[in-house]
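Structure record follows, encoded as structure tokens.
By letter and in written order, the chains are A, B, C and D; residue numbering begins at 1 in each of them.
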Amino acid sequence: MHAAHEPDDDPDGSGQRRFDELIAADSRIEPSDWMPAAYRKTLVRQISQHANSEIIGMQPEGNWITRAPSLKRKAILMAKVQDEAGHGLYLYSAAQTLGTDRDTMFEHLITGKAKYSSIFNYTTPTWADMGSIGWLVDGAAICNQVPLCRASYGPYGRAMVRICKEESFHQRQGFEILLELMRGTPAQREMAQESVNRWYAPALMMFGPPDADSPNSQQSMAWKIKRFSNDELRQRFVDMLVPQAEILGVTLPDPDLKWNQERGHYDFGELDWNEFTEVLAGRGPANAIRVSRRRAAHENGEWVREAARAYADKQASLAAAQAPTHEWMAS
Amino acid sequence: MHAAHEPDDDPDGSGQRRFDELIAADSRIEPSDWMPAAYRKTLVRQISQHANSEIIGMQPEGNWITRAPSLKRKAILMAKVQDEAGHGLYLYSAAQTLGTDRDTMFEHLITGKAKYSSIFNYTTPTWADMGSIGWLVDGAAICNQVPLCRASYGPYGRAMVRICKEESFHQRQGFEILLELMRGTPAQREMAQESVNRWYAPALMMFGPPDADSPNSQQSMAWKIKRFSNDELRQRFVDMLVPQAEILGVTLPDPDLKWNQERGHYDFGELDWNEFTEVLAGRGPANAIRVSRRRAAHENGEWVREAARAYADKQASLAAAQAPTHEWMAS
Amino acid sequence: SDAVARYALGLGDDALVLAQRLGEWVTNAPELEEDVALSNIALDLLGHARSLLTYAGSAWGQSEDDLAYFRDEPQFVNRQLFEQPNGDFAQTIARQLIASAYFIGLYRALSASPDPMLSGIAAKALKEVDYHLDHSAQWLLRLGQGTAESHRRMQRGLDTMWVFSDELFSDDSLPTGQDAAALAGIAVTPSSLREGFDALVPRLITEAGLTVPSAPYARGGGRLGVHTEYLGPLLAEMQVLARVHPGASW
Amino acid sequence: SDAVARYALGLGDDALVLAQRLGEWVTNAPELEEDVALSNIALDLLGHARSLLTYAGSAWGQSEDDLAYFRDEPQFVNRQLFEQPNGDFAQTIARQLIASAYFIGLYRALSASPDPMLSGIAAKALKEVDYHLDHSAQWLLRLGQGTAESHRRMQRGLDTMWVFSDELFSDDSLPTGQDAAALAGIAVTPSSLREGFDALVPRLITEAGLTVPSAPYARGGGRLGVHTEYLGPLLAEMQVLARVHPGASW
């Protein structure tokens, strides 16, 4: 366990100076470096939220593993959900380097204290949602995360490098699911379009509120955790989506969406931020089942973890009893 | 609870004489009457086995409740399985009048000590099996049970009257399921025939081994518990089935089946009694899951029953504490 | 009219989906008496569902089975409470308590509807759901006051199901314009049932020594075809055979 | 040949049905690491199933999906062990222990088959099932020697699954006559695998402080299309979407 550095740890200010230099030089902060308490706190919150999102994000897709309509898709989907569990574990490890242990973070998740990405409070009533999540949700995640590969905190940046690779793979798989549907029967095409209609706006809101309403972003950018503002990332995402939607043949559900020659970007309509706030406040379509489902799994598994602990303890005391006496005790 | 009469209870033989008179006069033996220990034991075994059969018999049909192909059939099937639970409870009550308590009988069932009808060790892979069970299994049960309405032990005979009424209702429902299938699509007709092929012989074996191999039957008939021999009942069943099969348009899977003008009965082929013995010995298709499933339900419900007992105890002691003092204590 | 049919469809789906869930208990109940009791309740609900779906379908030339077996998840308009999984016995009792209390208010009000079909169905159902509430309330007491474990499970069951109670009283699916006029007076406004529910259920919970949950409510939207992920597999199982043999009669 | 295809179909169904069962654990495992481990195993098995079904189907002009999604229960020829429900984690581990030990023997023998497709699939699978056995054996130890509760559950899990172990070594589905000749030397005779299994699994069970069950074996017949009642609902869920859209490509 890593002990937290408090301001007291840096009486002469040398830690802060070194930290500022590293940030200014675009270098990495490593676990053993001094860092401001607020920087640490921001990172723990962000990384553990990200981990929680991966874990909760398993559910909307896990919903279709048993019903995937072809064995190939079943295998891809299962692997994807497995990747998400892996990302969760990987990110928890990164957060642990900041002195917060995994059990605490997980406990905060299943008691509802910790947040996770609001997008996973939407549900997946149709198979096409496996496509939309990959294409739109993972797509937005990538726009968000690629800059995070250069985040100033070393373990986080490195975790993101690995995660981004897999995410871009996931996005392409989602795109392919939708493409197959759009080239399929009328019922399949309708399924794809209906799903895109539901996921488009929530995906755009994944970048967070407009810059004007996002006061914390400023500090994160100064610390080089965040590299671009919410609105910049959102614009980048929309610009990326439009040509892909054309290839798919799906209509993005925004009548105001059009190319702005002057800006060199697509204009798009106002988003329903009231919806965003509602979901964030726990009143999304699936908030009620997401955490309780993971908590139920955790509680049902308590006897298993207890057995594993008991067994490990027994093995440890057995090993201790059988260990040869240390030399300094022998002589 | 009823204390068991032992031979010691009848030193002057008056109990035995009265019992013999009642049997000879075709009257009923009632719980308070003296009866031979072997008569009591035979009845307890037979009635509790019958109860167990009803309870285990819920499973092969319960298997299709959630998948019944029309709401009407779902309702009928659910009501039927419910009737079976009711029969089980009703028969346990009859057996309890002989001094064996329900918990013991149920315990014997879920620990595998007690028997139940072998027929329920067959499985129900298709919907048509709901028809075959009703038509063939309930049909055979009725042939067996109608004479039992006159069984010499009063509570058993009366239980059978009620049960037979419901069983004949169930048999007609099974017949209707098959009829609907046989009037349906080719796939439905094939489903019905394939199912009848599987259930026909096991249903015939429900009457037990041939008379020559059924030594216990003799005593049961002398006691007027049983009224007809296994082979008599089996013949009666086959004679009943043939014209019904013609109406259905299904083929009974027995090449030797034909009308014998001389006997005035249908002749039928040899049954595979080795199969019967195998299933009886626990090596039927579903022996492995039947008891373990009911046991699992029982074990999973232990905390519920414990709560109900604890609550009842609390209520009882509350009532006792609040009860007015008895008069004889007051003066 | 179409508006009345759509109203009946929602009520029918509620009953159908809950009956299907309760049907999963058969042969798995904690004791034989509960196998009987739960299938009794399931049968009653299935009866309500059949009447309501038949009535709804009559406006569209569809049978109860067309509606039950050949609609996909987004076309089902049951409230989300009813599709929630059984969980343990306490969770089922919690769902049943909320459902039965709601049904009592609903069918009492609906039995005064000027639509003779709806009032007839409601009057008959009312007697049955009264018994259903009794069954749940008895178990609520036994589990709430039984053992430490049963108390813990019953509270957890309530916590899990309570979040879906608010949706029952949402007017989110009430039609507007001409349809609203067609339905006015005929249908029961869901929000009008909240007062009766609030006067009854929290009291029962408290009397059982349990705590009325305070977690935020689920958003709902079941009447608009929005469901939790538990409905899909339920429908897969329910509809499988009928869909493998389209057009067949059973 | 048709005989080889039918042989591959049986092995493929075993792997497919078990993968489907393990897939039900995803998001429900006792800890995240087990979500990963169980889906890893499921993925491996699904891979085996796809290779085997593709190979089987090539003899009949059918795809893996034709075989997986458009056969009914009596046409599935998996052994019954694989369709048994997950139960609690101990029951899943018991099933997995028996299955993995069986697979190791099978794929070891089959990797020497003169049929290059079968030997290739087997050689690749062998490495994977080796890891699967390791996973189950570890948990067998932990649960057998962990707490009183885990010991009780693990024993119950073994008792429940053990009755289905005998079927794995039954030669009931070996073809006769000309087909037998076509298969001779190519397929592994199930009964030849019993010795290796018996030398391994009872020892593992005993080392974990548990008792090798002695209840009578189930009759089996899975290879002949005879199944316990757990397979039907599994297939209903697995096949639902594909069947609602026959002929569609995904």
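Convention: contacts are C-beta pairs under 8 Å (C-beta built on N, C-alpha and C of every residue); 3 or more make two chains touch, one makes a residue touch a chain.
The model shown is predicted, which means the values in this text are computed figures rather than measured ones.
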Legend entry - Between A-D and B-D, the pair with more C-beta contacts: A-D
Legend entry - Furthest chain, CA centroid comparison against chain B: A
Legend entry - chain C and chain D: spacing of chain centres that average the CA atoms, whole Å: 39
Legend entry - Distance between the centres, which are taken as Cα means, of chain B and chain A, whole angstrom: 58
Legend entry - Chain centre separation (chain A, chain D; CA means) in Å: 35
Legend entry - Where chain A touches two or more other chains at once, by residue number: 59, 66-67
Inset, instruction - Indicate the residues of chain C shared as contacts by at least two other chains. - result: 72, 233, 236-237, 240-241
Legend entry - Chain-level touch network, classified as line, ring, star, complete or other: other
Legend entry - Chain pairs in mutual contact under the definition given at the outset: A-C, A-D, B-C, B-D, C-D
Inset, instruction - Within their complex, state which residues of chain C touch chain D. - result: 72, 233, 235-237, 239-241, 243-244
Legend entry - Contact footprint of chain B on chain C as seen in their complex: 16, 20, 23-24, 26-36, 39-40, 42-43, 46-47, 49-50, 53, 64-65, 68-69, 88-90, 141-143, 145-147, 149-150, 153, 237-238, 240-242, 245, 247-250
Inset, instruction - Using the touch rule from the top, collect the residues of chain A that touch chain C in their complex. - result: 59-60, 63, 66-67, 123-126, 194, 278, 281-289, 292, 296
Inset, instruction - Enumerate the contact residues on chain B facing chain C in the complex. - result: 55, 58-59, 62, 65-75, 78-79, 81-82, 85-86, 88-89, 127, 177, 180-181, 183-185, 187-188, 293-294, 297-298, 300-312, 314
Legend entry - Partner chain B, residues of chain D touching it in the complex: 72-74, 87, 159-160, 163-164, 215-219, 221, 225-233, 236
